[in-house]
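Heads up, there are several structures right after this.
In the two complexes below, chain A is the common chain; its partner is chain B in one and chain C in the other.
After this line comes the complex of A and B, so read on.
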């Protein structure tokens, strides 16, 4: 899978690092837990910059090349920052036939960013997601963890306005 | 619980509460059960708020001892969510909002009058009588085996599962049957894998090699977009999966199980984790289950969004903590699977059938379905269909029954064009084949496949070439890159489809497309590559005329492929309001000198060349004066 890699500088806090080290300590006995550790790391930092991948590689005693390989293989791992407001448009089949592609384009237009990108002020980020299984509500998008369903293109500006756009 | 007698006693105690929902009389203090769907679909439409509102209102009216609110799994009819079902009446409230709750509590629970206006329309007859929801078109042809507890029990309560025959099949296996006999029952039932391939489950179990360590793996990486039956089982009946995997462990001699679940399903993951913890506490997992010398435990591993991990060897590579690349077979997982040990792997829906087969017998199961496809199948209806949702039906029902009767047909008076089955690995079924009985072999014969049971309906507004391109974009993205035919071949297919949808294709390209498809099918390493060309081949077979329109006439009949569409204003319908000109982002709509008869203002026209085909003009026109040609 083609992944965009963030070129914005990394700002990790000591607190975040302590959390990550605790996760690594609890899992390093079993290298098959690598993906679980990376998922928790992404929950802590919001994404997986090289600095974080490096910490995982050293802590788990796994080559960085393998950590990077796993990070770029799976859709869930993000190498770019997420905004405060993270919007994911479902492009699963059921949503696509009901026009989620049009909604995705409209969001790109209104936010002025492409897919897997974050606005310069760090406020909004946008991505296309795989099927989230809410096909009964198609087309759907999620904003952070809130699900919006049965959408049309005209709903886009209303949703963005709700989050301060 | 250490003995079968203790399980039986727990069942008798717990079944008091469930009797009301199963249509019997109940000795329970509760006179009413209010079931609210807590599946992903209804939760997304705020069913949690509805549960909260019910509890508050019930408390306000001092009904807490009479009315019990239960959060269940999915009822299936997701299109009408959030759904609330009230027993003993069995009445079906649809599209409920939290504002409606006080009225329902007051009128229905206090005054005993069902609030008709919130009922699912089809359950209200002309003379005002109300029929049970399971007599409606959507439900009456369904027969639930895998989904039997979804929308009936509280998935987070092990007692409710036990009340409805839960863990009875496990008890029967451990105390009455030898492992080989268990495998034989599954073999005799004719159950085939529900994840896509359709391989006989009993056969898979019987292939397991000897070894000191063996594993049972459940594939819950439901990557096929538009399919959500596995999620529904995990959310609505997680103990069923635990019981079935433990039975599989007993049959093949494994003591450890792994469930590989998509991280995109947080509700499912949390409920399954709680169920595993509860089962362990109740002695259904762990050492010496029911006092026998059989021990079994299991854990969850989260996937991270890779379609290829639905392939069994790739899934195992992923559980081991690697990039989820498939391995060549043989050796098959039954010989050398997870961590190099013999492994049996089945998907969620397959497992969900197992406890019922053990309890009711192989003959009961094989009496349903067709000659070679036994039992029932769950389909996820999606796309352009009225009743989107989950249905479980005996194998052998026709597509027409599924779409027109159960699914309620295509909405907005549009014409049915095709049904897509099997997701990115499958094909499509055109209107003239709608009367074929749906089973594994008939679908394969049509160049389609059952897949995991996603069924997406498309109408006249969907372009079949665009759909093929959509699926190829998906497989190009998801191809793991290990083998060349899939990695490069699918990319070349996508480029050719791009060319065609841009109006640059030739008739020769269609033949090339077909050749390349057959080459990729024959030479790819795993199921992903071997089936990736199916959407192209199926659309070429059934909708070749649409491809021809794209390459010869340079037209997209459905008006989807932008480069082949021209936007035109009908000057006799245009009233000259000018809204389209204001909406146009590239200022290519201009006023003409022509005033149509009966109108006061001059009409507008679109100057060709600059139009970016964004559709803003059509969306804004209230007079239907603009069309795509």
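After this line comes the complex of A and C, so read on.
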């Protein structure tokens, strides 16, 4: 799967930008610090949209494409923003055979977004995760830091309702 | 130097410590096939085609990155090696769009050649095959990732140009070469130099073929079709027909254009001569009147685009002169049209160029002296070769013919425009004569010849010490621009060409396999054609060209850089952001 790219508008604040520029200023002397800068940028913004990657590229004097190549290579970087409510469905082997794929699809349907996407209001985002080590509870998903296990498709609307959907 | 002794296929060879197996093999006269390797700029061991057996190594090792050890015995073509290469090729083919019949690189494709050599089964591995949209958004090139073999040669050369818009994205089976955020090429700061099309081993990166437009114009009886060629084309076109690198084919080139049906065959060398008198006038004006210095040449649209996007604050350094191609086009549709009683709208100007960026240049604003585009279409040397083949001409057997008058007479100064340092040398010849008021006979400027990426000199011109610099390739241009932007530069005049080596090694020139590029001085051989032609020329200074004299007498009231000349032959630039 190629990484999804956010198509929602970027809403960075001046404060976030100041933080990022400070990180860049502290690291621009050495281009090998690129990944560290990207990690900090993701910590500041939650994801790495084009506007953020371009600030890094210009600041570090590295082509934007190179920054993008690194961002799409490593699973730790996200090009789509996280919602206030971030749902991760485990698609590890145990969860998958217990039907987590169906739950993932149901969530996409009810939220009206695909995997690795965020609703336009910034409220919900959805992703598939690898095994989270809770196979005994399969199929399992997490909402922010809450874990929900032994789910069926019918549990989806109840969980979403709990978070204001 | 510490040397190591090894044997390649039984041939004893001694190589400097640190050499790779590939280098040792080349020293022994043994060629090992490669796909991703490029001497000095891309040794990444990615494609696994160059694998060999070597004593002391576990399994097969990639020759392009594996270092030679003392006493090593290397076997480059054992059954095991052949089997491995064959399987690698079959795996590459499993995701390769095998449309060889309609591929512009057919018969000049490094993958196709290897597949033939190794007798592969084209469909040995059928499996997941990613599909990519073809990117033809830019005027100069087409990117078809379905043919890409992920060798990363384009990335290496794009980084070498200090542009870096191409890179590898995503990972595993999804790995794809592309632009940041999947932007179309036309939305990136690609400078259109086309160097990636020259190094692509397959048909994933090709010039945008505009030959159908030319055929259509040639078939239209209402159109007066003028075909004109840049200096560098004559130094390389023969290679497309099996002639050795370094064969000058001016006469056959002209004959072929006439046989394609051109109404007139003109020489962009004429525009080069005009460029020199206009540019020298502009330079003297800047020096006398405190204009922005150094002045930098503007013949190379790849370089101009680089300056506009990467150094937008420095565009005032660019000479306002149009490129020789645009000047020739402009003068065909103004002066020539008036002389011949032709309506500029009925004239169709085809430029044959060593360049892909020219396809973008003809669409620039402020390039329409007669109210219509100065040049209607720009095709590369490679596209012209394709047309000659379709026309059924036996190129090597064509007679040598001469350009048409009046825009067919040139000087030696104009013909050397095709190599790095040529514009500078031509300008110096004229400036020296003008400033000394003499017909100087010392006209060869060795300091600006050769293929160094940056050449600097301080020259004594009419008692003045003039500092100049010549750069080719936009990486070198970047170094020059950093010095200019920081204010530490004290040059008066700078020549910059977008492609390393200048136009003779431009992005639209004939393509040779990488091992040829690694081992043959293509630039030197092609440049020699131009320098030889210059040396043999009777007239070697642009301002001595009788046609240039006639132009200024008849059309520009004997004044270089007059208002009308400015309207026709000069242009403007725009500061742009990269994204």
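Assume the second predicted complex is superposed on the first by the 143 of 165 C-alpha atoms of A that agree within 3 Å, B and C clash if a C-alpha of one lies under 4 Å from a C-alpha of the other, contacts with A are read in each partner's own complex, and residues count from 1 in each chain.
Here is the rule we use: a residue touches a chain if its C-beta (ideal position, glycine included) is under 8 Å from a C-beta of that chain, and two chains touch if they have at least 3 such contacts.
As the structure is a prediction and not an experimental result, all values here were calculated from the model.
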First (chain B), second (chain C), both or neither touched by A:92: first
Partner chain(s) touched by A:3 [first = chain B, second = chain C, both, neither]: second
Chain touching more of chain A, residue-wise (chain B, chain C): B
Touched partner set for A:69, first chain B, second chain C, both or neither: both
Touched partner set for A:115, first chain B, second chain C, both or neither: neither
Touched partner set for A:130, first chain B, second chain C, both or neither: first
Which superposed partner A:12 touches (first chain B, second chain C, both, neither): neither
Overlap of chain C and chain B interfaces on chain A (superposed complexes): 1-2, 66, 69, 73
Residues of chain A that touch chain B when the two form their complex: 1-2, 31-36, 38-39, 66, 69-70, 73-77, 92-94, 96-98, 102, 129-138, 140, 147, 149, 153-154
Footprint of chain C on chain A - complex, ascending: 1-3, 5, 50, 53-54, 62-69, 72-73
Complex contacts: residues of chain B adjacent to chain A: 40-41, 43-45, 78-79, 81, 222-228, 231, 263-265, 301-307, 318-324, 339, 380, 382-384, 388-389, 420, 423, 454, 456, 458, 462, 467, 470-471, 477-478, 480, 615, 619
Touch list for chain C against partner chain A, complex: 159, 163-171, 174, 176, 178-182, 188, 578-579
